[in-house]
Amino acid sequence: MSNRKIKVTIWNEFRHEKKNEKVASIYPAGMHAAIAEGLGTDNFEIKFALLDDPEHGLTEAVLADTDVLTWWGHLAHDEVSDEIVNRVYDRVLKGMGLIVLHSGHFSKIFKKLMGTSCDLKWREADEKERIWVVKPGHPIAAGIGEYIELPEEEMYGEHFDIPEPDELVMVSWFEGGEVFRSGCCYTRGAGRIFYFRPGHETFPTYYNEGVRRVITNAVNWAAPVAESTYPKYGHAVPSLEPIKGKK
Amino acid sequence: MSNRKIKVTIWNEFRHEKKNEKVASIYPAGMHAAIAEGLGTDNFEIKFALLDDPEHGLTEAVLADTDVLTWWGHLAHDEVSDEIVNRVYDRVLKGMGLIVLHSGHFSKIFKKLMGTSCDLKWREADEKERIWVVKPGHPIAAGIGEYIELPEEEMYGEHFDIPEPDELVMVSWFEGGEVFRSGCCYTRGAGRIFYFRPGHETFPTYYNEGVRRVITNAVNWAAPVAESTYPKYGHAVPSLEPIKGKK
Amino acid sequence: MSNRKIKVTIWNEFRHEKKNEKVASIYPAGMHAAIAEGLGTDNFEIKFALLDDPEHGLTEAVLADTDVLTWWGHLAHDEVSDEIVNRVYDRVLKGMGLIVLHSGHFSKIFKKLMGTSCDLKWREADEKERIWVVKPGHPIAAGIGEYIELPEEEMYGEHFDIPEPDELVMVSWFEGGEVFRSGCCYTRGAGRIFYFRPGHETFPTYYNEGVRRVITNAVNWAAPVAESTYPKYGHAVPSLEPIKGKK
Amino acid sequence: MSNRKIKVTIWNEFRHEKKNEKVASIYPAGMHAAIAEGLGTDNFEIKFALLDDPEHGLTEAVLADTDVLTWWGHLAHDEVSDEIVNRVYDRVLKGMGLIVLHSGHFSKIFKKLMGTSCDLKWREADEKERIWVVKPGHPIAAGIGEYIELPEEEMYGEHFDIPEPDELVMVSWFEGGEVFRSGCCYTRGAGRIFYFRPGHETFPTYYNEGVRRVITNAVNWAAPVAESTYPKYGHAVPSLEPIKGKK
């Protein structure tokens, strides 16, 4: 992506913030605003897209002008229209990066890209989470040390029903006794996908410096490769070599 | 699976055989019959299921009584109902094996499990294919030597738009100048999936001894593991350890 | 491996048991005896090989007659001769299975097969370990439920300096706050390798039913595939197709 | 690596060029010079290191000042001292990138990092090679289109005895009937490794624009991540949580 800024669209369901006082007090401008603040504007050109916007904010024009999309949803996965899901899916296969956050594990778009149920165990008990780096040289782990500690988070526990990640970057330890594959890389088509576990709406997780660094790293990692060639598919490709005896 | 026979359901679209004289002459009883003959009945208990059967032959009862499903389709992927696709999908995630053959790469069920377009290049030029083993110790490669040579086949060429296989067992060389990842292993949920490229309807590919051996090996490999535990998912799992300060 | 028994050689350093009263009281006949008891003789033909045997018990004849080798070592990795390590290595590449247990992570043979330092964090604090299954349909996880709980074990913590496993089957949670990739599958040449974390000498871990089941499953999984073809390598392979213009 | 240049050390055996007239006429200044020319100096600060230099040119100081090392060797793998191999190995695990070219597949350093024999089939018949991209969105494939065609190259054929690549980016088709995994990514410790097949000394392969682009991309991909944390290993790590009842 060299010298131009990466174009990031931050998608947020933006419902909890309007319904729940605790969430509103933590994220008065919405979780998308906190995520944007963590990215900053030095290297990123940021747009917001919200569930209740027309076309959920994800028009053809917006997606065409997006390098990396981040996704936070929870209450209203079913309200996201299949048409928009298919539109996002097509863009990912063509190279757009996708960062799926926390409860986005159950979004239509993540399940469609994974080909599995994406189910898991969960518990709200305000418990400690420690996110360990298991791939220290990976660009998504840069600058965060050996682990990130979050004093209170929702628990997600294994088994997490995802395909084996292409690269497993982080694994969480939970106070209540579970583990979880918390930082998972995938490629689908020409697009790169990163799932990152933390971010329950009732905790100030998206203000945590380590969490912000991971999201920033992930956006950089998932940005499309310049000059990547979209392959030709389909019928009647002429042979590159003579087919003997058929001439 | 120890001592009982593996229950295999062979699914076939069974349209070409009824429409096209050449196909009918090669596979007079249908491609499913040739695939069944290749498996034999010593270790397998075989059922057929056809597109034009009620519920495409894939009732809840049939699927519940299937260890491994094989899938050949081509002309009529769109005629397979979404309801049945979802039913097969649920069974795969719970542990049923799935062997996807040749043009089945574009079936609804394969695309749903992969999360990609599954597109590729293709050409019908009656050209030579040589399927090289790139993972010689793998059970699916047992007994076939270093490669299988097919004197005439349809060409499938890269890029094949699939997720990076969990294990890549075979790669094809084509006379016309292309290569293709021909034997690809995946896990989705508790289910094992194998994609195997050859099998164009106008060639006697499913009589080839090497091809038959691979399909037999793949069915054995994909059979569900006895005593596998289907995980518990969802809400309100109690903590296994005390959450400190929270009692 | 069908109907004949799998030939297992259980290699043990067998030093702690002779030096340390606590270890001797837990494993009076040596850890190898407890591991053998866990496998049983119904499906396995078991030999022992010990560090202080001539050639460490791993003569050419013994290795040629071994399907799967299990390895426990700790104090005396450096006393294992390079010649024997190379002999084991060659057999693994030709198809012999290898199960590396606990402190065997630092054995010469494991480091040579991994290509990394295999270093990790550790602590002896008699703490609880809970080994979670993260790949429930995998044959190595059969019959053990969602996790194995060990009331007291040595801690091994990330970062574990291994190549990304081909398949990650289990992840450990430790009471003291760490996680660890505890069940890791690899292929090297035609040989299958499984690393399994638990088994500190001062605890009765190899009497635990879950641990025994995993080792039994792993031996079955790692046994060489019958009729696998050892490839031809090297010079002057004749071309399979004419090289045009060169005659 | 942001704004500073990546420090590349190009290692060459540099023997063929001095012994063989044909090689000398293609690479009068050595293959290292042609590789350097392909990288250019806009983004890279390039050093050479040659087998016959003191310490093979790979002193502690040189390696400490190298972000990415490229390796071409063929005739004299055995003349590379084990001490220097271990030195390179340690640097890779700490994060230095390594690009292994062509016959470097049989170098001590590559075999040590892979943990396999790295053996393959080969043939010198001046045949056509077509290197297909099988991972189009990957940064190493940027800018080269769907394939690179080399009119004459040495053939390398499967089975290539390497661990399953973390990412398989390219597969070669050969005129004589073989295929080969030609572009393979690995991580070992914090270091990234790319194996790239083409580059026989009797052909002008390192002047080919596609080959040069791949090497340039690979160097960028393998450069160490800034701010990556080298983990702490070893004994007596204090627990992060209280061990209950042991206090």
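Letters A, B, C and D mark the chains as written, and numbering starts fresh at 1 in each.
Assume contacts are C-beta pairs under 8 Å (C-beta built on N, C-alpha and C of every residue); 3 or more make two chains touch, one makes a residue touch a chain.
Just so it is clear, the structure is predicted and the values come from calculations on it, not from any experiment.
A comparison of the B-D and A-B interfaces places the larger number of contacting C-beta pairs at A-B.
It takes 180 degrees of rotation, in steps of 5, to superpose the Cα atoms of chain A onto those of chain D. If you average the CA atoms of chain A and of chain B, the two centres end up 30 Å from each other. Work out the mean CA point of chain B and of chain D, and you get 36 Å between them.
Touching two or more other chains at once are residues 130, 133, 135-136, 146, 157-159, 164, 166-167, 175, 177-178, 187, 189, 231-232, 240-241 of chain C. Of all residues in chain B, only 93, 112-117, 119-123, 125-128, 155, 157-159, 161, 163-164, 166, 175-178, 186-189, 231-241, 243-244, 246 touch chain A in the complex they form.
Chain contact summary for the complex, chain B toward chain C: residues 95, 130, 133, 135-139, 141-146, 166-167, 175, 187, 189-192, 224-232, 240-241. The residues of chain D lying in touch with chain B in their complex are 130, 132-136, 146, 157-160, 164, 167-168, 171-174, 177-179, 181.
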